[in-house]
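Look for chain A in each of the two complexes below; its partner is chain B in the first and chain C in the second.
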Partner chain A sequence: MKAINKSQIEELIQALAAEGQVFVPQELNGNTKYAPWQKGVQVILDKNVLLSPKDILFPQTEAMYSYVADNLNTAITEVAVAAEKQVIFGIKPCDVKSVRLMDLVFLTKGFEDTFYKTKKDNTLLVSVGCAKAEPTCFCTSMDVNPQVEEGADLALIDMGEEYGVEAKTEAGSQLLAKINSLLKDSTGQLIETTGFQIVFDGIEGVPEKLKGMFEHPIWDEICLKCISCGACTYLCPTCHCFDIQTKKIGKEGYSYRCWDSCMFSDYALMAGGHDVRPSKKERVRQRFMHKLRYFPERYNELMCVGCGRCLAKCPVNVDITRIIGQIKEAEVNGG
Partner chain B sequence: MAVRVEEIKMINPLVPIKGKIIKIVTETPDVKTFHVTTENGKPFTPMPGQLAMFSLLGVGEAMFSITTQGENHLEFSIKKTGMLTDALHAAVVGQEVGIRGPYGNGFPIDAVKGKDVLFIAGGIGLAPVRSLITHCVANRADFGKLDVVYGSRSPADLCFKEDLFENWTKVPDMNLHVTVDRGDEDWTGPVGFVPSFLEEINPDPKDKVTVVCGPPIMIKFVMQSLDKMKYDHQDIITTLEMRMKCGIGKCGRCNIGSCFICLDGPVFTMSQLANMPNEY
Partner chain C sequence: MSITEKIQAKAKELLDSGTVNYIIGWEKGTFWHQSTPVFVKKAADADKLIWDEFCINSLSTYLIRLDDELKVGLFVKGCDSKGIVRLIQDKQLKREQVVLIGIPCNGMRNAKGAVEKTEPANLPLEQKCIECVHPNPVIYDELIGEPVVIADKSDRFNDVLELEKLSPNEKYQYWAAQFEKCIRCYACRNTCPACNCKECYVDQYRVGWQNKAVDLAENQMFHVTRAMHVAGRCVECGECQRQCPMDIPIMQMNRKLIMEINELFGEYAAGVDLEAKPPLGQFKTDDPEEFM
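Our next item is the complex of A and B:
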């Protein structure tokens, strides 16, 4: 296997920078997140960062089109989507899987989302496996391999003193050839990821069981402590709901999309006041049903990658792993 | 960049094309029908029951059923209920707007072909149903007997009066049954709610497809009436609405279980809905 010394990571990133802007996990303004690499930046590879790279492919706010609306007259101009090559370096396998799930949402089922596709088509993913889990990590219980996941172009696998380097796509092979001078042959072995404090027996049977649990009293209890802050959906690398809003100043304006949250009270509220999810109970149920039942039904994948961000940051400790346990234990009579 | 808006539309389903309101018909005190065209004629050719995103730039965008279409335009019958529809009701002929679509599955025309069709609607619920009625009328030979059972709060609140009391009355083997919750001094027709009115008419369920649309409370009681008359839920179709933003099954909010109304709906049979979470 090809490998690179951990001490040569900066050289590797430097080489990747020839492909386009490289986003690396780093500390910025008190948060840890993916941001453009510059020489000397401290790259965080020993643990995952708080903000996933989802905003690189699906920005928190994104202008879609501008317009002029002058009395009766209107002109609409699409905002050109930047199509510059970029590299996301250091993305963890859980987040790699979340990009795969985003691809299912934005690129399949009849319509391709132009804004997402343009960016995704120009993005290379270079993943870095995890040697050590954080206390809130539970990816292995969600069927995610903490060293390498399908969806990365190039996968770096933690082998202790060095990273094994594997090309996973055609683009990855081309990249591998370009960085070949930095690589050596290695007989090293990947090290097993240690430190998981949350390990449970998968979620087999949960999507099916949830079919009979729409009216289950479990939701009355689960929703009680939620304060509808939306931190979970904000941090979740798989949450992708968006709103479309418009802003006009004078005669000119633009329409943009922005992240939305199913936890918010106006999420499904219709003109006229009808709301199919009028209280926290329906909204919390929607969130967990979506992740654990609806998404698997539609795309044959769970919409949770076990990154643990929602566990770490929920101000009232709503814990999806505990909820999965509750669902498994719940008594269900009939359908 | 000199790319025409129509070309952009072909590659980007979230960006509207420019349309223009060429006619406004006042249907009721709070419903107006807007005729919309583009400089290249009809924005697109929808199937009956499909939807479109209609926007007033600077105000907002919302999903509406396409009530019917002409050679060169689409029609939207819109009730004044919120910020965007208030602004639309204040709009005048000549107003340029944004439009994108068509979205959704539409009515299952092939499944309805050759059968009698019973249309049941309340208030603005006739708007989406009208797209199929118009289709049946235009292709009269493809369908059996047509019955329309329609009710509104008052005679003034009846939508599409010209169709109800003139155009459709001339269509062979088509019966109009129109009721109002309360009449006025000029009203000589039936008075009463749609469900009980329907039971009085008592149409035979044999070889029939039923299309229901109206306020949730009306649908609930119409379903009880149809059950009494032994209608099969497989042959009862409805069209739903929910808050929508993208129209292409991605933004999240209009799901019922794993279905999105904008993409997999808005038209469902009652037996399909029975297998979906009761959240619509």
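Our next item is the complex of A and C:
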């Protein structure tokens, strides 16, 4: 296998920079996130960062078109989506899978989202595997391989002193050829990822079981301590709900889409004032139903990659891994 | 009896006698360094309740918009109890709707970065506990444990004093960098006992006070509005800042306003005395009015 010494990561990123803007995981302004690489930036590769790269492909706020509305004189101008080449370097396998899930949402089932597609088509993903899990990580229980996941163009696999380098797509093979001078042949072995504190027996049967649990009393209990903030949904790399809003100043304005959260009171509020999810119970149920049942039904994939961000940051420790356990144990009338 | 045992016994008693509909306390969370709010409805479940160095969540937030028909038993530290006073003063809760079991608090511990299990005493105190002025419950029906000696915490304003040395431009840069981080999850608002509006201005989406775009201007709008709205009512429980996933130093804003109010209207500690009216909620003929 081809490999690169860990000490040569900076050179590797330098080489990737020839492809376009490189986003790397780093500390910025007190938070850890993906941001443009510059020489000297401390790249965080030994653990995942707080903010997933979701924002690069699907920005929290994204202008769609601008308009002028002056009596009968109206004009609409589309906002050009930047089609510049970019590389996301250091993306962890869990987040690679989450990009794959976003692809399903924004590119399949007969609908292509131009905003997402333009960015995704111009993005190369270079993943870096994990040698050590954080206490909140549970990717292996969600069927994610902590070293390498399908969806990356180039995968770096942790082998101790060096990273094994594998091209996973055609674009990845081309990239591999370009960085060949940095690589060596290695007989090194992939390291078994250690340190998982949360390991459970997958979620087999859960999507199926949830079909009979819409009215189950379990949701009355699970929702109680939730404070209805959107931290879980906004930190989640797979949550992809958005709202379309406008901002108007005088006669000019623009429409944009922005992330929305099923935890919020206006999320399911309809024109006319009827709310189909009037209380915390329905909202919390929706979040877990979407991740564990509706998404699997539609796309045959779970909408959780076990990155553990919600677990790390939920102010009240609403723990999806425990909830999965509760669902498994729940008694359901009539099977 | 340990405090945990006393808590469990009290919860059983209140539930068995039908005095309350349910109890809110803490139970062990996912990790050893995590205790989390729990709602107990049956006496048989009271064994879940615990008291340790990680019962950091302030529970008063769960009484916002409490159904008028319900009566709740609640375990309260100093910070939780000040949230209760806030809600009663703001007429969002009736005193007789809660049975308050006070627990003097020696401060909760922060295990951030600690992977191996260790004695809680080896861990640093949570920031909000370092800055806590009222470790003893200020309102309760019954007290479990011995009152804690109250230390002078006037140095909690040091951050604000440091910020005041900056030029207006530097202050703007500082706060702009903080607000840039906000993802508008509203955890700060949702956990805050002073944020008890029936309908938050943020959620009045049709009126459009607060645009949903997440950008610096809108983030500033949100944070400044919230700070002004809790001015004179913030009980310094510190939950907004502690629960912020983006580590925005929200309490620095709240403390700046507390300092201003103390200077203009005299020393006032919000959420401590049920009878003392908030300075911004009353009018006195000798109020300063140099702005008139």
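We adopt the following convention: the second predicted complex is superposed on the first by the 334 of 335 C-alpha atoms of A that agree within 3 Å, B and C clash if a C-alpha of one lies under 4 Å from a C-alpha of the other, contacts with A are read in each partner's own complex, and residues count from 1 in each chain.
In this section, a residue touches a chain if its C-beta (ideal position, glycine included) is under 8 Å from a C-beta of that chain, and two chains touch if they have at least 3 such contacts.
Because the structure is predicted, anything quoted here is derived from the model rather than measured.
K.L.:
Mind checking the superposed model to see whether chain B and chain C fit together on chain A or clash?
P.N.:
Chain B and chain C fit side by side in the superposed model.
K.L.:
Pick one for A:253: touches chain B only (first), chain C only (second), both, or neither.
P.N.:
Touch partner of A:253: chain B, not chain C.
K.L.:
Once chain A of both complexes is superposed, is A:311 in touch with chain B (first), chain C (second), both, or neither?
P.N.:
A:311: touches chain C, not chain B.
K.L.:
A:78 in the overlay: touching chain B, chain C, both, or neither? Say first, second, both or neither.
P.N.:
In the superposed model, A:78 contacts chain B only, not chain C.
K.L.:
Between chain B (first) and chain C (second), which does A:243 come into contact with in this model arrangement: first, second, both, or neither?
P.N.:
Both partners, chain B and chain C.
K.L.:
For the overlay on chain A, what angle lies at chain A between chain B and chain C, C-alpha centres, nearest 10°?
P.N.:
90
K.L.:
Looking only at chain A, is it chain B or chain C that touches more of its residues?
P.N.:
Comparing chain B with chain C, the partner touching more chain A residues is B.
K.L.:
Could you look at A:262 and tell me whether it touches chain B, chain C, both or neither (first, second, both, neither)?
P.N.:
first
K.L.:
After superposing the two complexes, find the smallest distance in angstrom between C-alpha atoms of chain B and C-alpha atoms of chain C.
P.N.:
Value for chain B versus chain C, nearest C-alpha atoms: 6 Å.
K.L.:
Shared contact residues on chain A, chain B side and chain C side combined as an intersection?
P.N.:
Touching chain B and chain C on chain A: residues 243, 260.
K.L.:
What part of chain A is in contact with chain B in the complex they form?
P.N.:
64-65, 67, 69, 72-78, 80, 105-106, 109-115, 214, 240-244, 246, 248, 253, 255, 257, 260, 262, 267-272, 274, 276-277, 282, 286, 289-290, 293-295, 297-298
K.L.:
Note which residues of chain A are touching chain C in the complex, please.
P.N.:
Residues in contact with chain C: 29-31, 50, 60-61, 135, 197-198, 221, 224-225, 227-231, 233-235, 243, 245, 247, 256, 258-261, 264-266, 311, 313, 315-317, 319, 321-322.
K.L.:
Would you tell me which residues of chain B are touching chain A in their complex?
P.N.:
Interface residues on chain B, with respect to chain A: 1, 3, 5, 8, 11-18, 55-62, 81-85, 92, 94-98, 216, 241-243, 245-246, 248-255, 257-258, 263, 277-280.
K.L.:
Any idea which chain C residues touch chain A in the complex?
P.N.:
Residues 29-31, 34, 36-39, 57, 61-62, 115, 177, 180-181, 183-187, 189-191, 203, 205, 211-215, 239, 242-243, 245-247 of chain C touch chain A in their complex.
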